[in-house]
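Shared between the two complexes below is chain A, which has chain B as its partner in the first and chain C in the second.
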Partner chain A sequence: MTLLRLILLRILTTAITLFGVAVIVFVVIRVVPGNPIAMMLPPGATDADIARLQAQYGFDKSIFEQFIIWLGGVMQGDFGTSISLRQPVSMLVLGRLPATLELSIFALVIAVIIGGMMALTGTRYRDTKTEGAIDVTAGMALSVPDFLWGLVLILLFGVLWPVFHISGRISPSLNIDFTTNFYVFESLLRLRFDVWLDLLSHMFMPALALAIPLAAIIAQLLKQSLKETMHLDYVTLARTKGYGEHHVITREALPNAILPTLTLVGVQFTFLIGGTVIIERLFSYEGLGNMAIDAVINRDLPLIQGIVILFALLFTLVNLAVDMLYVVLNPRLRHA
Partner chain B sequence: MRDARGDIKRPIGLRLWLSGGWLTLLALAAIFAPLIAPQDPLAQDLFTSRLPPFWDAKAEAGYLLGSDSLGRDVLSRIVYGARLALIVALVAGTLTCLVGGTLGLIAGYYRGWPDRIISRFVDIWMAFPPVLFAILLIAVLGPGLISIIIAIVVIDWTRFARVIRAEAMSQGVMDYVASAQVAGRGRFGTMITEILPNVLPTMVALLTLEMGIAVIVEAILSFVNLSISTDSPTWGGMISEGRTSVHQAWWVLVFPLITLFLTVLSFSQLGEGLKDRFDPVLR
Partner chain C sequence: MKPYLSIRNLCVTLKHGAPILRSVSLDVSAGQVHGLVGESGAGKSMIGKAVLGTLPRALHIRSGEIWLDGVDLLTLPLQERRKRIGATAALIPQDPLTALNPSRRIGPQITKRLVDILGWHKNAAEDRALDLLAEVHIPDPARVMRSYPHELSGGMRQRILIASAFAAEPKLIIADEPTTALDVTVQKQILRLIADMQARHGTALLFVTHDLGVVSKVCDTLSVLYAGKVVEDARMQRFFMRPVHPYSAALLAATPTYTNPTGSLKPVPATVIEDVETEVQQHDMRAGL
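The block that comes next holds the complex of A and B.
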């Protein structure tokens, strides 16, 4: 009962947050001084042409009326029509979402692997120079944001030692006719491993840039939790039973130390998704973020609105999922 | 060095000295830019385009770190770019701290409805992708220094509000706050004279971190061509240009990137170092 109430409350606050985001974006982008419609028409267009097109996109009504109309459309899954690309916003946005999701998830996997390895190594060799080196590395990695790591990676692995692709999502020669936009999953299902590897080698640099700061956070927090757990009685018991240090850390300490890290990773994952906006731009990766920047430059109001709402929805869903996972994994809350 | 409690103070770490040193150097370069810069940062000369840095055989005197595709001196542009970067860091950082710190203090100390309203806004803000929000704001406000500063304040105030709110909340339940109120000081007076001094160290540490973030935001905005006018030298603008010509002239990207990297790292290390020093538990 209490769990159900908790879930309902969370869904309600999520709805309020999304509504707030919608209102703010709506108001902010309608203060734009330039007339987006005038930019679409050839220079010879008459005032009547502009007015007609403005009415078509609904820009002649008050902000409040526009918002109500837009909200009514959204309720039916209609996010309007993009001004610059002249296609339904929902179609455009959902077409790009898989690319961004694949990139974010790949980055998350890299971060968990690197951060986890650092934490485990640091705990195994605690109070030695190895732990010190891990601390310094994590501190550095955390101090510099993904944008700069992306540039550093471009220089190192795109120019100095060009082993990875630093631009695009797929090599044009390998672009098989995909039926979905989840290229990585689809190529795997269709057993096209050459395409799959090409996709990963395109994604690796941007994903690594996104992963480095998160890996550092995971390394720091997980190592701290592990070291605290290592002093607990049941860990000592496992050790007196004769289990080796590796077994004690991975089998005994890790399951109990992982919960705080999990919660933090959830919040940080939303930051990572936010980071894709500039990272996709940097690596010319055709995802949602890259499209968002173009939409802003082209003053494409309906498209900007759709993308921002989708990002906000993604963020709140990730947070919701983490909260649920926390309840499921924490025995004290599960039986409440 | 011993303080009143007789504890031995930890020596100021090497990283604090290094980062402080780099930022001082940068500030001096920014202030005395016209004296230091060997060339006019805007002077274009196609005869000197894409000159390599000084150790290369094809380098030319006067262009220590080479020149870009329009023949502009890279070193001079970095030095002048430091001006904009540091102005943004100082002004935007301080304003963000003031706005976010004040709201956090009010939310954490007064609790009740002010807290509910401020926290609701923080939640909404957390649902925005920050870089996209910044780009959107600049598109709305128009490019320019003031727009950049406003955008940074609007996006990042939550960073302060969240932390200071939590700090003020934990301070608010302390005995000394209750005794100040018993002694007849009003709510507002207590907040200013009792709570504020106790959250100030955290604020200073956050402010230092924020300055580094402000420099990055400015660079990102320059990178997508939405910073200030295109002819003023900015690090982000140089990086943006360097990214496109990296295979022909790597130095146009490398030197501003190193400068930006060191600057952000320094602000961040300084902030972390200050946080450790101010942290009562670690101290």
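The block that comes next holds the complex of A and C.
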């Protein structure tokens, strides 16, 4: 199969996925009780007022008609106007996306570093007490969900020993006039290291809460594959060539043992993005997830739709990235 | 001639004491091919692994000496032992399909350790690898150096592993059942190749196999192993003419022959096995195991 056909196929499946997500979200949020218009108006508004506003937002039409109108707008890049914030949905959503992306990626980096170190250490000292300790730690980290870790971290490092920020994305006193909302990247480019450090200090706690369960999964799976790889002949052969155990693990075994973990990290990363919804709320972090919760509370239908579609798009993009990495790391797939 | 590899009274046991190798002694001199035969589970592969320091974690060396090029390996600290082994010995593994790292090109798998461990210049290592690949009859060595293992056949991969084993001009090569995983037609070529390379480089070769036919083709001397104990040490010719130990005689008799292809195989008689087992038990009692 040619590369072009593969890419086209991929775009097509992505489009179908997004369409399916759109249909489900559109129907579900209209079926659940709660009237967005009634919530907008002050108490004592007449039924006539409500009906007038509903007609203005198009909620008087059938769900099918509403969907067609909305889809028509989306095709032209118009995701509608937020009911509660009265601004274009696309602008709101894209404005918040960078914050969530930076948080998720930071969390992923932390998870890979912690999980990777645990797996490598556990393999190096396999069948000893060290490995047992790592197994127990990973088991504990995994059996507690991320938002509970969030509460634990707030308690430990926000209240008992306040070394990190536990609220917001950036200290309000800092003067920033950045052109994008990718503050972490832009502060680096502009060499504003004070801003950069302040951002990381704010992100560290929520990112760590998101990262802990993922780190545990990485540690367990990667250690398992590494230990299996350590029995293979080419690893033994490398030992007879005079290489030390450290080199044998990181250079010979790791590149081959990492493939199953990579797939899993891809899948888990999408869960991690989902986890940002609650974690951002917990840490008052101004990202997409926090906005999503407000949108649901306010029954802000256009905004909910926009956010969910964007999340769905993120998920498919992450999966695409994993597939591509897989081909890069595994030469056997390159000719397929 | 002073033996290049000299194993003295090597005892290997499971962590909890069950003996795997019982006071094994053997010598291999430069330019000599020494066969190590025995049935499955006799411990023949474990001897090679003990020398190369790749024993499974569950096993450990209780006592004995392994002299390689005038140094008792067992007195060296682990890191130094590995370096020493890397510089003076090499392994031709059993299964060429799993002995090459699937995510690396062939070239670096031969050259990298010459650079990393032995401090060669990168270009010198590459020239060396090209020469060796040509020497083991690999067509278009330059292309093969850039290939990944999955792009090559089993026979090709075994040739590459042989070339790689000779890369650092080791004084000792341990071939652990190097033809068992290959099909019969390729087996013969590989066997001849190993014998040729050994003769040309004057290496000491310890040839581990369960196949007496193979032994008769390539070896000068051999040790017969039963239950971790060397029951006979002999020169090739004498062994095939007049085996001394009853187990050796029974093993020889169990070899299928061309002259009587329809005749049924003769298993090693139960009484012989019992005799050797008594012998092994007595040995253990003397050793206080």
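As a working rule, the second predicted complex is superposed on the first by the 315 of 336 C-alpha atoms of A that agree within 3 Å, B and C clash if a C-alpha of one lies under 4 Å from a C-alpha of the other, contacts with A are read in each partner's own complex, and residues count from 1 in each chain.
Heads up, the rule we're going with is that a contact is a pair of C-beta atoms (placed from the backbone, for glycine too) under 8 Å apart; a residue touches a chain by one contact, two chains touch by 3 or more.
Small disclaimer: the values here were computed from a predicted structure and weren't measured.
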Taking chain A as the common reference for superposition, should the pair chain B and chain C be classed as clashing or as fitting?
fit
Could you tell me if A:Val21 is touching chain B, chain C, both of them or neither one (first, second, both, neither)?
first
Partner chain(s) touched by A:Leu329 [first = chain B, second = chain C, both, neither]
second
Going by the contact rule set out at the top, does A:Val144 touch chain B (first), chain C (second), both, or neither?
first
I want to verify the contact counts: of chain B and chain C, which reaches more residues of chain A?
B
Have a look at where A:Gly275 lands relative to chain B and chain C in the superposition and call it first, second, both or neither.
first
Please indicate which partner A:Arg239 is in contact with in the superposed arrangement: first for chain B, second for chain C, both, or neither.
second
Between chain B (first) and chain C (second), which, if any, makes contact with A:Pro172: first, second, both or neither?
neither
Can you report the vertex angle at chain A, computed from the C-alpha centres of the three chains with chain B and chain C as the arms, to the nearest 10 degrees?
90
If we overlay the two complexes on their shared chain A, which of chain B and chain C does A:Glu252 touch? Say first, second, both or neither.
second
Using the touch definition from the top, say if A:Asp127 reaches chain B (first), chain C (second), both or neither.
second
Does the superposition put A:Val308 against chain B (first), chain C (second), both, or neither?
first
Which value, in Å, gives the least CA distance between chain B and chain C in the superposed three-chain arrangement?
20
If you look only at chain A, which of its residues touch chain B in the complex?
13, 16-18, 20-21, 24-25, 28-29, 31-33, 139-140, 142-145, 147-148, 151-152, 154-155, 158-159, 270, 273-275, 277-278, 281-282, 289, 292-293, 296-297, 299, 304, 307-308, 311-312, 315-316
Complex interface listing, chain C residues touching chain A:
52-54, 57, 79, 82-87, 89-91, 93-95, 98-104, 113, 116-117, 148, 150, 161
Write out the stretch or stretches of chain B touching chain A in their complex.
120-121, 123-124, 126-133, 135-137, 139-140, 142, 212-213, 216, 219-220, 223-224, 239, 243, 246-247, 250, 253-254, 257, 260-261, 264-265, 268-269, 272
Residue ranges of chain A in contact with chain C within the complex
127, 232-234, 236-244, 247, 252, 255-256, 329-332
